[in-house]
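I have a structure I would like to understand better, so I am pasting it below and will then ask my questions one at a time.
Here the chain labels run A, B, C and D in written order, and each chain numbers its own residues starting at 1.
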């Protein structure tokens, strides 16, 4: 692969500022790029189903402390008596953002110096009771769309993406071409970086200040293709190389794109290879938490 | 509607004991009636999609104390600084069983004097770390099947089901016939009782020891039709009239059927009426919690 | 007891504004009236000990839902294996403010239109990570002082204080005189209203919008006597009768006084009667929670 | 200091088995060695107070993830509106056992192959709702007694105890003699190992599988002196060298002694040096949690 010059800081700033989708669906819009997932789009996604094979893109609820899981999820059990019978109930508690839990980020999750999605000010919108703007409830009817997996390790013929060689936007174009798949508006873009393979031969991904992943050069690819949801296992590389608050995570506030962080993609990549197709129906159904900044989810791909 | 004699205690006991599905899919099976949701079944469910309209069957995450919500869900916010930018993160905590949260019950959730699903002993299987048998992770690839709504208030031409007149199994047959819909093996049976209408003119449903809902006479209907998932807003009536630990909830341990408790069905009933169809694609995607007894969910129906 | 005219709204406002202690210990002081609890005062409190009898002023950790406990405390168990041995550990979670838990309020807990203790603005001082002003850590070396119990039911010869007849400041004077005890600067004033007796013949105290307790007329008594800590079982009556944000709770921001809410005082009243003394050593040892607005506590009186 | 032979495994087993206090205060006793803290003992402790100086032995509520804090404590804020005024409330959640939080262990916390305190079986006594035997509520009237600090770093003239040179029972005798202090029945023994100094020049104490601290040879010292409470910063060394479930922690189930783990002792050691005395009044006031295995505490020493 020929070397390409990296975008300059000014170019990255322009990706996030000049090309942003603010106002595209109205100044008061809190749906963002999910507006592109129309009922028709959903129906088309369902029409992709052939054999009914399903694959979960969710890691296990991260109950165990780990270097990339400093605030483990809580799971506590209780039992209830009912005469000769009974029952078991449990408590789930989770700070789902971070590097451990498979979760959806909603449009209120992050911002930069220019503000939140559609220009709102976090000081006005983020309160002790939740977010008043861009909460996850804007997507309560579910995110059901066409999912397209781009399998970077397979394209590179390497087990996983490395710190030295992040995923660039132009590489995503190449991968899509090699896989003979084209992105369409409203799609969920799923970028597989080989996190499980990484974890098998490296310290746990996400444990330290640096981590391999997507480069800010991916921003135009996401914007040009009118992606609605970005699903990824490795997320944006750190450090991002531009000393900006958020690089690829910036698609949230700049383009109105949702993210599914920490997806489990190895089984999906295997299924795509077996099924010989990289586009399928994807379902992401967030919990209906008023004011919530996202949701733990179990995304399911169906072939 | 002519009066029908109620089943005797011996008959109800026989529903739960003589007709149980133990061993049907092997002595070590933890999937239960969800075995009937084959890939083909899922593909058929997807094929039901026509216009892509989606309806959420989830109530809001129950953060507010209420008579039927004695242990409210927790939602706590925090913010993170990123130089000129930042982010908002939150903690979700919930004891989701009970009468407030829309949630899935897995096969370990309840048992009677004969034991758990497939005859396992709760003392062996329920531990401080979770359930070792029938945990929700057995359904991690998602419950995606044909959903069939039976709209009891519409059939009765009354706003909601009352304590005096519970939903009987023979009435479900009548409703299905009137709606011109037939249940098929592996279906999700969705029984609408009018909970929102009840709440508008009564003390909150589920607040006290008595509550209207399904009668134990529904058990044979569920078993005969090889239902895989029961989705309901009013659940089994209380008291159940037979002084047994669990009446309709007994489908969990007797038949291996999953439950979605506290579903929000008024919008779905409205959509079915508008769409003039009572069968559709249903998606229930539980969180992947090892040892978990169920999951809060946002079930989505797609037309 | 002759009727006394109630203070006017203007008088109550003046109690909280004109007589406030702001600046008394410096503009940057976060210790408040606890400044009056000097080492000498603590040593004098210890010198009150004669027979070593101790009484707990704490209710049980409120794990059970109740009308006055809408967000019950969490207690979850786990076990750990150690070969042939093992251990049991548990999680405690609590929103301790409210009407159920015995807890200490620190100086950041409440404010009115004039601001927090010493005039600080809550918008500046209350953040997602905790309070930056008046946090409970200002009292981390413990509140150990002379406690004085005023036993209102005994004085009235009635089992408990009623809504119709709140506790007034002039009555506290009368009770102290009848008990032959005098308040001194830095004392913990403990006002017993008969909450347990109330609960035995009424709906649970604190369950509804109205509740018997202390009238705003108690404010001058607290200020005049330079009380450092107010310990009470019934707290300020509700409604407070003046349509102000906080009546007796206003001692927090106006005088810099700490509160121990929901104390269990029936056993203490009994012990005082048996010991024939109403002054004793009191210990309140808050957890060291940076930014915390108070702490669950187990206050101990020692005779 | 001359080398002394280490006790054999058989000797350590005998410390925990042959010398145990089971039955000493009756077969049904759940108070344990705290029986030695009589009212007279408490009054004597109070009589030790001279100048009223107080020192907290509590670390900060451990909210931050750290190598020795894999499940950080939770602190979440909320605000409440009251017209022109308002309030701040917060949630505290903590799994307080482990190496981070200053906390009290009650008699149900640990056991070995012979069982819990007084021979009870953990399988009978430890339930999902809490411990039915040896819960912290047995000490709800507070632990108030004479505290004696043994300052090992000062005795050794070294900043902290090391892995290579654990604290032995015979050294505790030497330290007491050098400090000219004698232990008496019912005392709280406070063993300072220099944890803060350790942390300043080593990886955080308690982060890994090995850690310096007290050797099993301390068991007879604790038993011979009829200690009621052991307060320590470094706890028992790990590995304990005998491949037993619990070494010095065994004082809980063998002798009925309470522990305050992870105490903050550097300030106390400084105060003792300044005050030229190593005996003082100590107060440990656990929260009243039914079924609880201990409590986070803020122990206070008063001179």
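One rule holds for everything that comes next: a residue touches a chain if its C-beta (ideal position, glycine included) is under 8 Å from a C-beta of that chain, and two chains touch if they have at least 3 such contacts.
Just so it is clear, the model here is predicted, and its values are computed rather than measured.
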Going only through chains that touch each other, how many steps at minimum separate chain A from chain C? 1
So which has more C-beta pairs touching, B-C or A-B? A-B
Copies chain A and chain D touch; is their interface built from the same residue numbers (over half shared) or different ones? same
If you average the CA atoms of chain B and of chain C, how far apart do the two points sit, in angstrom? 46
What whole-Å value do you get for the distance between chain A and chain B if each is reduced to the mean of its CA atoms? 29
Per-residue overlap in chain B, given as positions that touch at least 2 other chains: 74, 77-79, 91, 128-129
So, in the complex, the side of chain D touching chain B is made of residues 74, 76-78, 91, 128
Can you check the complex and tell me which residues of chain C touch chain D? 38-44, 46-47, 49-56, 58-61, 63, 74-75, 77-79, 82-98, 102, 108-113, 122, 126-131, 137, 140-142, 144, 243-246, 281, 283, 285-300, 302
Which residues of chain D touch chain A in the complex? 65, 70-72, 77-79, 128-129
